[in-house]
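Some notes on the structure that comes next.
Every chain is named by a letter (A, B, C, D, E and F) in the order it is written, and numbering of its residues begins at 1.
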Amino acid sequence: MTFTVTVRDHMMIAHSLAGESFGPAQQLHGATFVVDASFAATDLDADGVVVDIGRVTAALAEITGSLTYRNLDEDPRFAGRNTTTEVLCKVIADRLAEQVTSGALAPGQQFQSITVTLHESHIAWASYTRAP
Amino acid sequence: MTFTVTVRDHMMIAHSLAGESFGPAQQLHGATFVVDASFAATDLDADGVVVDIGRVTAALAEITGSLTYRNLDEDPRFAGRNTTTEVLCKVIADRLAEQVTSGALAPGQQFQSITVTLHESHIAWASYTRAP
Amino acid sequence: MTFTVTVRDHMMIAHSLAGESFGPAQQLHGATFVVDASFAATDLDADGVVVDIGRVTAALAEITGSLTYRNLDEDPRFAGRNTTTEVLCKVIADRLAEQVTSGALAPGQQFQSITVTLHESHIAWASYTRAP
Amino acid sequence: MTFTVTVRDHMMIAHSLAGESFGPAQQLHGATFVVDASFAATDLDADGVVVDIGRVTAALAEITGSLTYRNLDEDPRFAGRNTTTEVLCKVIADRLAEQVTSGALAPGQQFQSITVTLHESHIAWASYTRAP
Amino acid sequence: MTFTVTVRDHMMIAHSLAGESFGPAQQLHGATFVVDASFAATDLDADGVVVDIGRVTAALAEITGSLTYRNLDEDPRFAGRNTTTEVLCKVIADRLAEQVTSGALAPGQQFQSITVTLHESHIAWASYTRAP
Amino acid sequence: MTFTVTVRDHMMIAHSLAGESFGPAQQLHGATFVVDASFAATDLDADGVVVDIGRVTAALAEITGSLTYRNLDEDPRFAGRNTTTEVLCKVIADRLAEQVTSGALAPGQQFQSITVTLHESHIAWASYTRAP
């Protein structure tokens, strides 16, 4: 028995990817990532929701806002790391999990998992699921 | 090893949500819910399907038909309860499960789970997964 | 030769529709309208855009914000009128046109037309196109 | 902790389905299947990906290329079997798994599962998930 | 000043296409066509709609119902003609126009045009627009 | 009376936009553009199509291939110009028109117009329509 709630946002970044297998994506290019953040829980809270959708939307917007309109190659947070779609899923999921742990996001709610999906185009996407 | 089959329908309802965290959604407003009902099973039946898609479509349409074009605030089935997206997912999944249990939907098939997802907009959706 | 730019928002309203042809939609129900506002122009401005996308997004959000989370049956702006999908397209397009006329939205730009599309479900939508 | 990556392709086939429950689909008809192939893994490789997206895209295209623009009723690979959406999900997932096992697709990567989803229309889809 | 209303349905057909430029599509294969039927008018009727959405949905369903689950190569209505996506758009639009002309669909309404769009996959679609 | 056919592709680019109104988009960032190229004609050719979909797909892929995985700020083709979504629509439409004029794309076919739409996210897109 699992409930989930998911909200969508997006971000538009430049980056390059190191590694021969990336072919032309080794060059500086960019992506729009349509970002879906999903929270799973066994039970609903007293209001009948997994988590307040307004708070989740704001939390996700703060995270995408710290990434969007940037060249991730020059962002010290990603020094020495490829900012692949998969890696960025984990970055966003980890930050959401921090807000859960700190009680900022949904005090009192016990989540089963957090999933973040990034759509890089109409034909490719990635996701990362973790414990909260 | 899991097979799933999913069918989509929709319903258009009015409601209000009690609780300060809902902000303006405490007012009477409404929603189109695009409803996805998903059935999971380990094995296919003799015809090579999880469940007859015509029967599932009809079963889902009967349930959405009992909810659509209504003000859920005045529906005795929901007295004293918030009809959040999550709650409505459970309502629909539970009714589908009843039809499975009664043998009306897919006699002989053993399902692993039933999942119902309600899309309330292009940027928010919820789901509920349960045993059949 | 025509350029267009389109932005998307949404609103969630309750209403009923008067007239036998509406069948069960004569009852109080609701809808999520996914709203696309589109501006057409022959030429781009000095920045290379039809209209500043930030301003258009804000203008549309202000309009949808004045409609969402409401029961339109009790809104004096719609007294005696059906708030069909088509009518609401016109309401939103007319307000956008007012902002163009007043110079609030895109001073100096000559638009060919404004189109507003409202998606009421995954299987039905309506639009309204007018001169600016 | 699970990462996934998914790529999309499509195929356009003719077939008929044996069994009274299929109704008019017992006649020769056809379908466009939009095909999503998804790979799940606990860890990313040294490049920061679940699997090289170029290789996965090519592997999927080879499989859909062997099925598309055909009448599956006359394909000896499916003699005596219904080519339902569910069955075709399994056929494609099994072929992807063979490429994983042979080391052709992602040598060194340990997958948790492979999921193939086929969308037969805007209102119906099926999937199959298996160990790699 | 133009209002439009659009409804969506689908059909699943087998066919082959004669002509070298079609390459492998010269073989018997199939397609799911997601069908959008759109009606444009300058004015709304007394109820505030372009056309009764229930009637349009029923009219479209009758037409797609006469085409779906068939092998169009054996349909005498298409003898000697390629049933390309474009041709099928015209077939459906022409039948909708007949219903307008006969007064069956929207007696009293003056349409500007009828447009039918067929999506043959997530990456290709066609449309046909005609006077009513 | 107009037929259209549309094909979809995508490209992933880095760029920055000069002009105060762009706000944070003045920084180097990026975008996935999902690209729809549409051709309109009054009549179908002898095969029953607006234009050979294989040729159009190849023509579009060649153009997106010359733009994708690049930093457009360093591309001499765009020196001194903002590569806004609108501008890129025109660039792609103009190149498609050149191929029509040269007879490379659809010798003998008379097009009414070419439209190119670029989707920069799930909530914003632009288009450009021109004579062929």
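Structural remarks
To be clear about the criterion, a contact is a pair of C-beta atoms (placed from the backbone, for glycine too) under 8 Å apart; a residue touches a chain by one contact, two chains touch by 3 or more.
Predicted, not measured: the structure shown is a model, and the values here were computed from it.
Of all chains, the one whose CA centroid is most distant from that of chain A is E. Of all residue numbers that take part in the contact between chain A and chain D, under half occur on both sides, making this a different-residue interface. The mean-CA centres of chain A and chain E are about 40 angstrom from one another, to the nearest whole unit. If you average the CA atoms of chain E and of chain F, the two centres end up 27 Å from each other.
Per-chain Cα centroids separate chain B from chain C by 30 Å. Each of residues 8, 122-123 in chain A touches at least two other chains. By the touch criterion stated above, chain F contacts chain A in their complex at residues 8, 10, 12-15, 24-25, 27-34, 68-71, 120-123. Per the touch definition, chain E reaches chain C in the complex via residues 1-9, 44, 46-50, 52-55, 57. Interface of chain A with chain D (complex): residues 17-19, 21-23, 81-87, 89-90, 122-131.
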